[in-house]
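To start, the structure under review is shown below, and the notes come after it.
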Amino acid sequence: MSDVSDWWRTRIIDMEPGRIHLRGHPIEDLIGHRSFAQMIWLMVTGEEISGPRADLFEAALVAAVDHGPQAPSIAAARMATTCGVGLQSAMATGLNMLGDVHGGAGEQALALYHHVDRAGPEGLGLALDTWRAEHGPYLPGFGHRFHTTTDPRAPRLLELVDAVAETGGVPGSYGQIGRAIQADLAREKGKPVPMNIDGATAVIFAELGCPAPLARGFFCLSRSVGILAHSWEQTQQGGRNKGPTPPQYRWTYDGT
Amino acid sequence: MSDVSDWWRTRIIDMEPGRIHLRGHPIEDLIGHRSFAQMIWLMVTGEEISGPRADLFEAALVAAVDHGPQAPSIAAARMATTCGVGLQSAMATGLNMLGDVHGGAGEQALALYHHVDRAGPEGLGLALDTWRAEHGPYLPGFGHRFHTTTDPRAPRLLELVDAVAETGGVPGSYGQIGRAIQADLAREKGKPVPMNIDGATAVIFAELGCPAPLARGFFCLSRSVGILAHSWEQTQQGGRNKGPTPPQYRWTYDGT
Amino acid sequence: MSDVSDWWRTRIIDMEPGRIHLRGHPIEDLIGHRSFAQMIWLMVTGEEISGPRADLFEAALVAAVDHGPQAPSIAAARMATTCGVGLQSAMATGLNMLGDVHGGAGEQALALYHHVDRAGPEGLGLALDTWRAEHGPYLPGFGHRFHTTTDPRAPRLLELVDAVAETGGVPGSYGQIGRAIQADLAREKGKPVPMNIDGATAVIFAELGCPAPLARGFFCLSRSVGILAHSWEQTQQGGRNKGPTPPQYRWTYDGT
Amino acid sequence: MSDVSDWWRTRIIDMEPGRIHLRGHPIEDLIGHRSFAQMIWLMVTGEEISGPRADLFEAALVAAVDHGPQAPSIAAARMATTCGVGLQSAMATGLNMLGDVHGGAGEQALALYHHVDRAGPEGLGLALDTWRAEHGPYLPGFGHRFHTTTDPRAPRLLELVDAVAETGGVPGSYGQIGRAIQADLAREKGKPVPMNIDGATAVIFAELGCPAPLARGFFCLSRSVGILAHSWEQTQQGGRNKGPTPPQYRWTYDGT
């Protein structure tokens, strides 16, 4: 032990030659005994997850893997693979774009749910007012510029939450909070503003007791799957220095 | 359909407002019915994986999640979180380092196995000679600078491969190839040069029929878990502009 | 012209086969007639810079190129080059860390100066109070955890600003604002809290009429030089998977 | 001095509180006395550059700053700025794409020139044959898919090289090599295959005595300017999650 060894401290991994312990478990006891999703939860939170709670976590990870090459992260990763860089570099390119706007809505929705939860069952209206005073009119996790009527991922995820809540696997209170916000928004706008993928995965992460910033981390893991799938497909399609539009269109010069 | 729509082509995702199909399946049929690992395989390869084959894939993903903060990718991701960037950016920093040296050995080991496989059971010695003539003396997937005697992940993964091969779930031939190379190396060096994590996951990927470059992609997904776990832990530990060593050491100036 | 061509619009570049115009100038008229620094200013702001104003801009770019391998961006770039990735990837790794904490102080200092400037010469104390009420007690651009007495770059840069201000090349008012804040801090703390590199380059950028976010952009260009120099030096030194500390130290396991 | 201090070694920077030396010079002696381009050369190579040689280096840096938003690096950086990430992150996104295909031609052209140079004046034909036997038929630095007749940057850069060579500032032999390859290609193809930006900047870097991999590094610094200019312009244009094509086009689903 020394000041140098102490500079890097972790509860995640302990290691000697021939021996790797992750979160207190010999790696050979984890291999073959944890699903990949369970391993993600264990590594990141330090706690075990199993049964219906693990199923919910798997569902949230499955739901967000891809939304197609119109998403800047996917398009950029595909373009990167045509630039002569490694697959890891193409993946990093896509992942690096999952910022506050492109990948942050789940984290924000989770923070919103926590905020509403603290206000209690009677306090929804006031809670939304105070949220908007600080963060602006848009409520994260609701509405979708493409799936204007229904984001097909959200009702399916809520259905799974309900099923687990019925058997006591999760409290279910965040599913209720999400639906209450959805109902409030519909009243306010006079039309449905349906919960989207970020709002629905945030319900799951909230039910599982996850702090808000981790929602972004988990989303990043999930979307990395689509990023890899598209990067790999583009590698097979080939191309060199693939631009965003067919070359004959180029761009509009706006100068004088 | 137009030249513009055709500029981006994919077999992965089809979408209309309110409808998302991934690899031909409505997303709501996948959510709750596929594990995260199964979804990874489906998205990337276009094929389903289930049963013992899916278990092997889960095992390979679980095995490679972390090797500690001495790995440059983990250290860099931790440092990044102290620089005022988002979690996605810290993760991209780590992922971006998984290049030919740090993350490429699995891909190279898989290519080596394919090369040995093409040579047939009698041709191992010659196959290793021709491999080395092109790629140099080092055989990817064997030996470890830290786990000099045993990489504890490898025998456990091989054990799982054997169990599945016995029931016909996978051919098992790549497990044999890996072990044959290991034995050959031990003979040559006069001491064990044990299969490492990259060699062992490459056995699984080979048994599952995966092309070599995907081994790197899957490794990137796997190690992203450790990268996220360490980034998140560092966020909780705090720090600003964390350097690689305690500040009192700085560096040695080598100039004149 | 079409909706597709219009999707990408720019005032920066106009192009036909055999013809490239940047900011309205044929590229062949710029090559050999603009310094690199002048070209940076022209490309980014759309305006020409020359004479003593260009000299100040060069000085700001020169001053911030490097602060050594204890900086996480430099260390990470050096580690990346040992991981088998291209030089561009190592550089991106370093650059990607120049976030709010590591690379954002110049932008914040410029915003602070603009804030103080709007308050007018009598309003310094109040301006600092309102700034701190929103942003916290720390004033960006002042104090340095390593150069506790003097950051040698700051007085030299201010000296150059003064010289140009005397001849009317720049107003000089931001140099005064910076010094007034410095004096106020010294009074408050009872000891010097000297202007640092970020505070001094922000003075120059403010004198040149640059919006705050560009201070970060220019810092990124400047520090990219050190990142490249260190990446290249590491390439020549060699190494594989270089960790943050010598391997014998590893890390401290903090778990139970 | 200790094993820890020695872990990071550099000839670039020496530092104490209040004192920063870069390549042996106090930073305050460099600020105001070196242009940004001179500082780049000093930091990266450890040597001074001045006069006509510095002018050539400036010209090479100026020439390659931008080639418009059809380039994947520029498009990706612009998309990134609409995703809620910092300017440094958008810049890293673009920079990270300058791999072997998108940013590596200058490095390859420089290697080609060195290869031809070693063959001597009589050996051009044979040198091109041996190059192609190893690297394939395409000669880096010649031909352009967009500027099919002339890349306007190349003749201008060669003109500057000639002018400096006449006064003995550089040998001029690499300008001759570049033109000899160009002439050979024209003979072979029966039409001009004009030197492009990468071929022309490689001439300058070769004349200045620069090793091949640095051509990529310098290109990265140069193109970072366009990446910043476009990122900043996009920030001002606004947009959220900007996709590669207008949203009404999406993509073509290629599955069954």
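Letters A, B, C and D mark the chains as written, and numbering starts fresh at 1 in each.
Basically, a residue touches a chain if its C-beta (ideal position, glycine included) is under 8 Å from a C-beta of that chain, and two chains touch if they have at least 3 such contacts.
Because the structure is a prediction, the values reported are computed rather than measured.
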Given chain A and chain D, the chains that contact each of them: B, C
Classification of the chain B:chain D interface as same or different, half of numbers criterion: same
Most distant chain from chain B, judged by the mean position of its C-alpha atoms: C
Chain pair showing more contacts of the two, A-B and B-C: A-B
Euclidean distance of C-alpha centroids - chain A vs chain B, Å: 22
Euclidean distance of C-alpha centroids - chain B vs chain D, Å: 33
Distance between the centres, which are taken as Cα means, of chain C and chain B, whole angstrom: 37
Multi-partner residues of chain A (at least 2 other chains): 4, 7-13, 15, 68-70, 75, 85-86, 88-89, 92-93, 96-100, 103-104, 146, 244-246, 249-251
In the complex with chain B, residue positions of chain D that touch it: 1-2, 4-15, 23-24, 85-86, 88-89, 96, 244-246, 249-256
Footprint of chain B on chain C - complex, ascending: 4, 68-73, 75-76, 79-80, 82-85, 89, 92-93, 96-104, 146, 240-245, 247, 250-251
Touch list for chain D against partner chain C, complex: 3-4, 7-13, 15, 17-20, 22, 26-28, 30-32, 34-37, 39-40, 43-44, 55, 58-59, 61-63, 65-70, 75, 78, 86-89, 91-93, 95-100, 103-104, 146-153, 155-157, 160, 213-214, 216-217, 220-222, 224-226, 228-233, 235, 237, 245-246, 248-249
